[in-house]
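Structure below; questions to follow.
Chain IDs A, B, C and D follow the sequence of writing; residue 1 opens each chain.
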Amino acid sequence: MALDDLTERLATRFQPIRDRSAWLVEPLNEADAAVQSTPDASPAKWHLAHTSWFFETFVLIPNLPGYCHFHPLFGYLFNSYYDAVGARWTRSQRGLLTRPTLEEVLVYRRHVDNAMAELLASDVSREVAALILLGLHHEQQHQELLLTDILSLFARNPLCPAWHKELAMPAGKAAAFCWVECAGGIAEIGNDGKGFAFDCETPRHRVLLQDYALANRAVTCGEWIDFMADGGYRTASLWLADGWTASISEGWQCPAYWQRQGDDWYEMTLGGLRLVNREAPVSQVSFYEADAFAAWRGARLPTEAEWESAAASQTQQITNDDRTLAPKPQSGEGLTGLFTDVWEWTASSFRPYPGFHIPPGAVGEYNGKFMSGQMVMRGGSCVTPSSHTRATYRNFFQPEKRWQFSGLRLARTL
Amino acid sequence: MALDDLTERLATRFQPIRDRSAWLVEPLNEADAAVQSTPDASPAKWHLAHTSWFFETFVLIPNLPGYCHFHPLFGYLFNSYYDAVGARWTRSQRGLLTRPTLEEVLVYRRHVDNAMAELLASDVSREVAALILLGLHHEQQHQELLLTDILSLFARNPLCPAWHKELAMPAGKAAAFCWVECAGGIAEIGNDGKGFAFDCETPRHRVLLQDYALANRAVTCGEWIDFMADGGYRTASLWLADGWTASISEGWQCPAYWQRQGDDWYEMTLGGLRLVNREAPVSQVSFYEADAFAAWRGARLPTEAEWESAAASQTQQITNDDRTLAPKPQSGEGLTGLFTDVWEWTASSFRPYPGFHIPPGAVGEYNGKFMSGQMVMRGGSCVTPSSHTRATYRNFFQPEKRWQFSGLRLARTL
Amino acid sequence: MALDDLTERLATRFQPIRDRSAWLVEPLNEADAAVQSTPDASPAKWHLAHTSWFFETFVLIPNLPGYCHFHPLFGYLFNSYYDAVGARWTRSQRGLLTRPTLEEVLVYRRHVDNAMAELLASDVSREVAALILLGLHHEQQHQELLLTDILSLFARNPLCPAWHKELAMPAGKAAAFCWVECAGGIAEIGNDGKGFAFDCETPRHRVLLQDYALANRAVTCGEWIDFMADGGYRTASLWLADGWTASISEGWQCPAYWQRQGDDWYEMTLGGLRLVNREAPVSQVSFYEADAFAAWRGARLPTEAEWESAAASQTQQITNDDRTLAPKPQSGEGLTGLFTDVWEWTASSFRPYPGFHIPPGAVGEYNGKFMSGQMVMRGGSCVTPSSHTRATYRNFFQPEKRWQFSGLRLARTL
Amino acid sequence: MALDDLTERLATRFQPIRDRSAWLVEPLNEADAAVQSTPDASPAKWHLAHTSWFFETFVLIPNLPGYCHFHPLFGYLFNSYYDAVGARWTRSQRGLLTRPTLEEVLVYRRHVDNAMAELLASDVSREVAALILLGLHHEQQHQELLLTDILSLFARNPLCPAWHKELAMPAGKAAAFCWVECAGGIAEIGNDGKGFAFDCETPRHRVLLQDYALANRAVTCGEWIDFMADGGYRTASLWLADGWTASISEGWQCPAYWQRQGDDWYEMTLGGLRLVNREAPVSQVSFYEADAFAAWRGARLPTEAEWESAAASQTQQITNDDRTLAPKPQSGEGLTGLFTDVWEWTASSFRPYPGFHIPPGAVGEYNGKFMSGQMVMRGGSCVTPSSHTRATYRNFFQPEKRWQFSGLRLARTL
């Protein structure tokens, strides 16, 4: 893309994306926005401040002459994990920061937005434009996390609060299960240099695939109930050893936000406690559970290369859907729902692509240093901003984590 | 006291004491009132709700015909530790309850207050009157905890927020240190049946004391700085073994809320970060530190019997002071400041008095079951309501705890 | 005692006491003597070496000219907790020391014994004689610990090994339960300067007692089975809060070394797995359990002053019994079994006596620094050397510990 | 291989391999053989018993009519992790089993060996022969672990014991560092059905490689000292985030068994404490350290496919070397030392090969259930039996583990 086009596009997109973050916290009170439900999750207010700190630290301070720090301590409070940038507040204690207030953080955001508007009105170099684009995708990542973290908080509250009480749960029927066959051979995966991508999606490279098949849709809640009824959570032979240990020590009996009432299963959603929809994709399951489910079905999880190769032709699906903020039943022909409802655990560890290099500078800490101990998820979920999804996207979490909209799609070798 | 008098007095005192709790949270925002700084501390909102639950559960439900539960889950959420009353929310997770909101809790308080007004306007038995009086002292205990817990939260925030920014720090000079000699012999301690007392202050009984002396005032911050300068925190021989282990593992170098800036020591107070006042009593130190300090001075901590015996004649001091919400320099003749600035660690473990019996019913869990692993503190602090102090009062905490206004007064055997 | 008499008596007693330690490990193989069952317990070999290190460090090096260190690292390896003497091996890792071998440790013992014989043949000062006497009582303490620690190891082994397979379990009937009344008033407790005592037994001082009664004998296993059958381990209201928490988290259902087989209870003893003897005193119970049992019986534990005052006239019992290495049924008139079968938990925290001072020098760390967080046990057990018991003895352990021969005797206020 | 040939070969190999296990413990005393240095390691005696239990459980009981269990509890005590076979003793408590004695375990071994001799003298099916072969490779795995675990124990002992004091440390010079270029393209890896392989080495399959280069030899101790001197352990930007966290919390400053004395580095070896040989491959480093070292050198670790593809032509190296029980300087032309000195960490997570299926039966738990959270190591070490190495071998450990003979070889993409 020509630099002028890119800058113009950034100028157009910047404020709407930023505004959406603030919109997400509108239903929250000051406490909802401040509390940290677990060390993994962050307070909503922290997400709002951290994403602004990102622009301030990596874009404004080096590039906008005369830019004035908003507050001398905010760099310390809202740095997430960038060692090169300096000391930082302990992650597990983000919830202690009842000050600054939400209003003060929103003022901070406007301070940064105003400075960014000034910068975007000027000539910016390609490097700076790339950093701004990175900052916007970073903001979208945190929009998703903000919602998953709020749900994590509300799901622990016996009063079952809702982000929006009136949120409609998607209805409809899931497509009947079938296998979609995919030809093996040499495929190319990874970002081809067109369009935005995170560092870890590069370089594009060739992989060798055997013939394989993917399920036409994600595993549904109804299928998961069958797994539970068949003793899936009590059958050691289905599980990876670490998964079995985790399931015992954590007492897993069902997806993270499910609870039983009489004969029915309910789950905590952004709309509060709702009856589980058997047609919708199952969500909030760990890699270990996904792997055990696949074993129970005599199948396996797809590798990320299989997933991307199959998904590459499906990207027209992504563009114009409305996010429903809850997984919706996946219907239609062929591979469906790849980008829209739940992140899909793959069989692949999050490791560097052949030829991957960590970029220079502090943003080199963006992804590269997390390439151990995590599994790749592909696709996108009901809380992922649409413009933030793409076939090459590599999301990743530790295999025991269950607070994301994480589900699975079955695969098998032909 | 005649029952009519007692009831009338309760009716007069009830609402002012209840109102003070609500007044204490006025400077707080919704998040300040919801967050739990450590598992030991509770959110301010939780204190407000729990004290109301106490009246609802032990007074209203059994005694006010037609009383209507405010909310079916509040019993579960706001029970503290009463096994006999049923299941309860995990203590360490009180800070997850961003709902009910502070406003909803205040509505709950008014609901309870209205019902209590109705009850107090009726004939209440002596037993019920005793429970109401217990409830009011319980409320006052939580008023103190509410302030120590808010300070605990703010002291962990690098922005150093204040409960009230304009809070005046008490000034003046401490009295020169001297020993006040006390005659030994047989003394009586414990509640004599007149006036309110918690169960653990009974029965009144005789103890045998040797001749002893108490310091005329509490140890000051200036004296504590001398202890630090002399290597007190680095000299194992001054410390109890468990205390030394705790000081190493926790990295203790000074009282809990102190921090050094250049050559000066500052401390977090309810008025924010202030210069340490060398004349004021030291506070936020553990029993272990207090014991090591006493060893460094060649002295010891007083036993609770010594303390009470000496304090028994001093109670006129208590009545009409204004609490300053920060320890103030203790001046004057004789034993001074026994009830007004810091709780004073004693050498006594919190164990039952000879002849103590746990009262029947759920309130039997009030104190008796905590009689192991804790040390007695005596007196009262700058955040203790004046009408809540008395010479027989037995406060108690684990020996490593440092978040209360806890200091010490030296003693020695003559 | 005149110094000559004392020295002569030491010369007579020294080697027999030392030899008994070595005799205790004769049934053990090299591994039995090396392994550490829990961080609380120590390997038998470590006990053998540490008691020798005590004589070497505190007696020989300062007082025997030309004494030659046995090994340059043994001071580091076998110091227990004396900060003043230097660095030391981590307590929880004593079991990693498969070298030195048991034989090497026995050679070390002979090296120390030979040097001690030389010293004892010379003129020793009263101070040195006192240290030697302390060393012998220290050795006897560790003889008891050696046996309790071996039992702790064997009790964790599904093969149920025995220290001596042929060890006879004491038989007979327990005396019928009755109360023995004791007059209150002013009593004296503590060491009177005659005979050996540890620092913590001093100074002798007056205490004021109310009239009280003690059970004629310790609680039996049969009575404990009744407690279990009545739901004692499932009734929160009987327990101290910390005790209840411990019982839940540790899963306590019976004394530490009991196990059920069909309808019968068995227990691990120094003679291997044996049927529980309902007539014998219950053992291996924590203070928390003892306290709950007393509550269940509507009684309480005695204070240490009550215990000592009652026991002071019973010391003739101690002298000439043979230790059976398992608690034996307590029969006879009046207070029986005070010193012979199980240590008896008291209601008293282990705190300094009025006027107590820590002795100068490294041996000042012997007891004083442990005076927090522990409860006093009185009497003596089936594995305590007879010459090591006395009415003033203050043994102490944390209230949750269960690996000693610890039981209880009921008390009540008259 | 024809069944007769296989059976005959098993009959020839069986006892020598079994005897070597017993030979390995000859220098140990009863305690050395019983203690467990860390939860990861097992006692030598446990290895001896467990490998016998493997034959007893999977071979003898199902296939030798009239075979008589040696001991009813040994199945419980010596099962490692086979859920399908029944309950088992807790792994972290293997060191508590001072009984059975080493002699009893050796008797158990002879009991099993005698029964196996009887079975091997009969006609055995191909399935049984395969299980016996698996059992022998299993025994060889544990021979390696027995030595690494003994070293782990001795390395924690300040007395620095040796397995054999006279063990000669290999001398010589390492080859000068150079890159050996390897052509990319489609390669085949995995077992081709000839010769023994564990389940996880199958199925053989095609992979696509880019052109790459491997270092001619493993990284040496001298190079590691350079890394340390250049601040490698203090430079966060070289490390994976999890690795940096581990290095801080564990205090890593050098390989696991190194210690500094003055200006020199020493390391614990099976021959006791020896001067570090700068020419020998570095060992006892974690994946995290290996990865950071590679980053420091501007290189990377090889993938397991790259490693195997390059190593496939080198297997003639393996056969006739004598194991030196310490890494020896790697000299010679081309790729050298692939199988002989240290296991080499790769960049690959231990995940299933395309088309991998878990075998039926209890031995299906052999490898498959461990395919998460671990990194692949390739080659073989100075304590790996020669007949146990092969180019397709996939060894694996968690990335933070440091007690194996684990080093690294650099790689880069051309």
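As a working rule, contacts are C-beta pairs under 8 Å (C-beta built on N, C-alpha and C of every residue); 3 or more make two chains touch, one makes a residue touch a chain.
Fair warning: this is a prediction, and the values are worked out from it, not measured in the lab.
Q: Can you tell me which chain lies farthest from chain B, using the average of the Cα atoms as each chain's centre?
A: It is D.
Q: What's the distance between the Cα centroids of chain A and chain B, rounded to whole Å?
A: Comparing mean C-alpha positions, chain B is 46 Å from chain A.
Q: Determine the centre-to-centre distance between chain B and chain C, using the mean Cα coordinates as centres, and give it in whole Å.
A: Here the centre of chain C sits 38 Å away from the centre of chain B.
Q: How many Å are there between the centre of chain A and the centre of chain C, using C-alpha atoms for each centre?
A: That pair's centroid distance is 59 Å.
Q: Could you tell me which residues belong to chain B and also touch two or more other chains?
A: Answer for chain B, listing residues that touch two or more other chains: there are none.
Q: Could you run through all the chain pairs that touch each other?
A: Those chain pairs satisfying the definition are A-B, A-D, B-C, C-D.
Q: Spell out the part of chain B that touches chain A in their complex, as residue ranges.
A: It is residues 29-35, 37, 73, 76-77, 89, 93, 95-102, 153, 156-159, 161 of chain B that touch chain A.
Q: Touching residues of chain D toward chain A in the complex: what are they?
A: Result: residues 81, 83-84, 186, 205-208, 210, 236-237, 239-244, 287-288, 291, 300, 303, 347-349, 351-352, 354-355, 364-365, 369-373, 399, 413 of chain D touch chain A.
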